[in-house]
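Next, two complexes with subunit A in common: one pairs it with subunit B, the other with subunit C.
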Partner chain A sequence: MSFEILEPGLSTTVQDRGRLGYYNVGIPQGGSMDQWSAELANAVAGNTAAEAVLECTYLGPRFRTTEAAVIAVGGAPVDVKVNGENREQWTRLELAAGDEVSFGFLQGGTRFYIAVRGGIDVPLVLGSRSTYTLGSLGGFKGRKLEAGDVVPVGPSAAGNKGLGGIDPALRPTYTRELDIRVVCGLYDHRLTEAGMNTLLSSTWTLTPVADRTGLRYSGPAIEWKPRQQPFGAGSDPSNIVDAGYAVGSIQIPGGNEPIALHRDAVSGGGYAMVATVISADMDLLARSAPGTQTRFRAVTMKDALRARADLKALRHRLWGN
Partner chain B sequence: MSHNIVSPLPGLFYRKPGPGKDAYISEGDRVESGQTIGVIEIMKQFSEIRSDVAGTLTSFAVEDFGAVNPGDVIAVIEVGP
Partner chain C sequence: MSAHSAESERLKGKARYTWGGDEFLFIEIDEAMSLAANFKANSMAGMLSARALSGISDVCPANASLLIRFNPDVLDPEELEAVARAIEVEVDAAEHQTLETRIVEVPVWYDDPFTRETGARFRSGHQSPDGTDLDFAAESNGLASAAEFISRHHGSPWLVSMVGFVAGLPFMFQMVPREQQLEVPKYLSPRTDTPPLTVGHGGCFACIYSVRGAGGYQMFGLAAAPIFDPAQRLEDFTDFMIFFKPGDIVTFRPIDQDEYERIQRQVEDGTFVYRQAPVTFDLAEALEDPQRYNQEILERLNVV
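Right, the complex of A and B next:
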C-alpha cells in the first residue's frame, strides 16, 4: 500500500523519533521537529511512538491512497479535506482506496503531521527513517517529497485501534508570544554582563529564516567582551576556535540575530554558544511561526532536568506504560 | 467583482524576481489567470504567487519585502474579461 503524491506542499518529509548516536560524526539527530505532535498523531492512528510520519511544513501535500488506510493529522491547526470535504484533526480518519487528502492554509504554527496506521515504510538508515535533506540521507530518497512520488506505507499491527481522540489539554498550543527556557553556556563568559542581560531580557522576533537546521531571531545588538582572538578563531568577537554545537544551542554571529539550532543542526563550528534551549522546550521552538515574539528565560540545569522528567511522565501517561 | 489573492505561506513577499529586475506586475496592470504576481521567501525557498483569476490588479495589500502570514491578502484583483 502507498500514498501517491499529487502535490508535495512546500516541504514534506518523512520523519520519526530521530537518528540518535551519530552526531559525533556530523549526522544530526533529525526527526520530527515537533516530536510531541508527531507522537500524538501516531497514538490516534493506532501506531507506537516509533512509526515514521509525514512532516508537512506550512503548505501541506495533496495525495491519494492506493488502498484503505487509517490516518490522523496532528500539530499545527489546518483544514483537513478528504475528497474535498472537511474532516477533523486529532481524530482517526478512515480512508477508502482512491481517497484524496488535501489541506487548507495553516491557521498558526509551522508544521503538522500525518500519521498512517503502519507508518511510512521507507528503509531504515542508521536506525531511523528520518529525512536529513542536507545530507541526502534517509527518508524518501533523502529528500523532501515531490509530485509523482509513491510513498510506501507499512503493514499495520493487529489489534491497535488507536486513541479515540486527544484530550485538548494534551494538544500543542500555538502562540505569537513565547517564553523559551535556556541554560546559559557553554560560552556565556564571552558576553559582557550587559550582553547577557540583553539576551535574557529582550523580546526577540523570529525571522522567516527558520527551518529544520535552526531559527534566526532579530533584536538588539549584543555586547561581547573584547579580546585578542586566539589562533584558530575568526576575527569577530562572536568567533571561537571550532567546537561541537549542542542541539538547541544559541549562537549570535556578529553579535546580532541569535540563531537557535534545531534538529538538523550542524554538529560544530566557530560561533560561541551563549545558551542552550532545554530539551523540553525544543517542540515549542519548532512550533514558532515567523514573527513570534520570543523571550529566552534562564533556568538552572536542575529545572531543565525536571522539565525533561515531566515530559517523560506525560509520554508514559499517553502511551499507558 | 473584486477578488483577493491570499498568501498560502508565511515569509517575505517580493514583487521582483531579483534585485535590479522589473516587478512581476504593477498596480493597474492587466493580469491573466495563472500569472505570477510575486514570490514569497520562506526557508530559503521562493514560491511563486499566481493569480487564480483574470482581470486588473487594482492594488497590492503588502509592500515589497513585507512580511506575510498564511491567509493574509497580498493583492486585490478586479475580475474582468
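Right, the complex of A and C next:
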C-alpha cells in the first residue's frame, strides 16, 4: 500500500522518534519536532509510538491512497478533508482505495502529523526512518516529499484498532505566550549578571527564522563579559573554541538574537551556550509559531527531572500501561 | 624524554563539568585549543565509550571539550558525573599518552574555480571585499602570497580534533607549535552556500565541508574525493558512511586539475581508495619535537 503525493505541501518529511548515537559525527537526533503530537496520532491510528509519520509544516500535502487505509491527524489545528469533505482531527479516519486527502490552513502552531496504520515504511537508516535533509539521509530519499512521490505504507499489526479519540486534556495546546523552562549552565559564566538577567526577564519574540535546526528570537541585546579571547576561540566574546552543542541549548552570537537548537541541531560550533531547554519543554518550543512571545524561566536540574517524570506519567496514561 | 608534557600537566584535574539541560553533560577540558587538551578530551571519550554504561547514547569528543548525551531515567546525572570524574583522574595518571589511529592523505585542488566562484559571490561584507579568501588568509598570517599560504597549509599534517557541525565534517588542528599555526578570521557574515568538499579555515581550524550549505570559514580549495557517502559505494565507506574519526591525522596533497579529474573518474567508477596507514600517536613525542615527529608519521604512508 502507498500514498501517491499529488501536492507535497511546504515541507513534508517522514519522521519517527529519531536516531541517537551518531551525534559524535554530526548526525543529529532528528525525529518528529513535536514528539507528543506524533505519538498521539500514532495511538489513534492503531500504531505503537515507534511508527514513522508524516510531519507537515504550515501547508499540508494532498495525496491519494492506493488501498484502504486508516489514518489519524494530530498536532496543530488544521482542516482535514477527504475527497473535499471536512473530517475531524484526533479521530480514526477510514479511507477507501482512491480516496484523496487534503488540508486547509493551520489555525495555530507550526506542524501537524499524519499517522497511518502500519506506519510510513521507508527503509531504516542508522536505526531510524527520520529524514535528515541536510545530510540527504533517511526518510523518503533523504528529502522532503515532492509531487509524484509514491510513499510506502507498512502492513498493519493485527488486533490494534487504535484509540477512539484523544482526551482533550491530553491534546497539545497552542498559545501566543509561552513560558519555556531552561537549566542555566554550559558557558553561562561568560555572561555578565545584567546579561543573564536580560535573558531570563525579557519577553522574546520568535522570529520567522525557525526550523528543524533551531529557533531564533528577537529582543534586547545581551551583555557578554569582555575578555582576552583564549587561543583558537575566535574574536567575539560570544565565541568559544568550537564545542559540541547540546540539543535545546541557547546561544547568543554577538549578544543578539538568542538561538535555541532543536532536533536537527548542528552538532557543534563556536558560539557559547548559556542555558538549555529542558527535555519536557522541547515539544512546546516545536509548536511555537513566529511572533510567539516567549519567556525563558530558569529551573533546577531537579525541576527538569520532575517535569520529565510528569511527561512520562502522561505517556503511561495514554498507552494504558 | 618525559612521558608527560608541561601542557598536559597544566590540564590535570582542571576539567569543568556542567549540564546542558537534563540530557547532556558537558566537560570543558580547557578554554584554549591545544593538542594536549584535544588529546585529553579524546582519551576521556574513548574510555567512557569503552565502559558502555547503559543510559549513555552519545559521547562526542570536541576540540577541547566533550559532550555526553544520557537518559536520566536510566543513569542518574550525579552517577554519570562521578564516573566521568574518575575517568579524568585515570586519564591524567596514564603513564603513556598514546592513541591508536591512522594517517590519511587527502588530495586537494587548491585555488580551484568552484570555491573561487563561490567566494566571488560573497564579497560584500567580507573583510577583503576586492580580494579572494586565499589572499586574505595570506595577508592575515603575514605571508607574501597565496602560494606561500598554500604551501604552509599542506606543509605539516593536521589532527582531526572534532567531527560534526553537519554529518561527517572534520575540524582539523595543525600539528605545529602555536606560533606557527595558521589563524584566519571567519567570514563576518556567514555564506548561504558552500560547495561540497570545500577545504575551509576559521580561527585555527581547517575543515572539509561534507555537504553543500551554509558556512563561515574562508575557502581555499576542493578535496577531490568524498568524505561522506550515505550510499556507502566506495571501499573506504564499507563499514560506515562517514570517513573521518576524531584522532585521524591528515596530510593534504596538492593536486592540479588533471589529477582532480582523474580522481573524479575513480570516484565515479568506484575504484578510489584513500592512501592511509596505521599510526600510534604519542602526545609527548609530538609536543617535544613536532617537526621530526611529523616527518616520522608522514613516512608511514610510504611503507604501505
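In the analysis below, the second predicted complex is superposed on the first by the 321 of 321 C-alpha atoms of A that agree within 3 Å, B and C clash if a C-alpha of one lies under 4 Å from a C-alpha of the other, contacts with A are read in each partner's own complex, and residues count from 1 in each chain.
What we mean here is this: a contact is a pair of C-beta atoms (placed from the backbone, for glycine too) under 8 Å apart; a residue touches a chain by one contact, two chains touch by 3 or more.
Bear in mind the structure is a predicted one, so any value in this text is a computation, not a measurement.
Contact with subunit C, but none with subunit B, is seen for A:P230 once the two complexes are overlaid on the shared chain. Contacts of A:G21 after superposition on the shared chain: subunit C is touched, whereas subunit B is not. Looking at the shared chain after the overlay, A:S11 reaches subunit B, while subunit C stays out of its contact range. Residue contacts after overlaying the shared chain place A:G98 against neither subunit B nor subunit C. With both structures placed on the common chain, the touch criterion links A:S136 to subunit C but leaves subunit B unconnected. Once the two complexes are overlaid on the shared chain, A:A289 sits against subunit B while remaining clear of subunit C. Of the two partner chains placed around the shared chain by superposition, neither subunit B nor subunit C is touched by A:P155. Counting residues of subunit A touched by each partner, subunit B versus subunit C, the larger count belongs to C. By the touch criterion given at the top, residues 6, 8-12, 41-45, 47, 67, 69-71 of subunit B touch subunit A in their complex.
Note for the complex: subunit A touches subunit B at residues 10-11, 57-59, 105-107, 208-211, 289-291.
Residue ranges on subunit A touching subunit C, taken from their complex, read 20-27, 125, 132, 134-137, 142, 182-183, 185-186, 230-235, 240-249, 266-270, 273, 276-279, 301, 304-305, 308, 312.
On the subunit C side of its complex with subunit A, the touching residues are 18-24, 26, 28, 30-34, 45, 57-67, 69, 72-73, 77, 162-169, 171, 173, 178, 185-186, 202-205, 210-211, 213, 228, 230, 241-242, 244-246.
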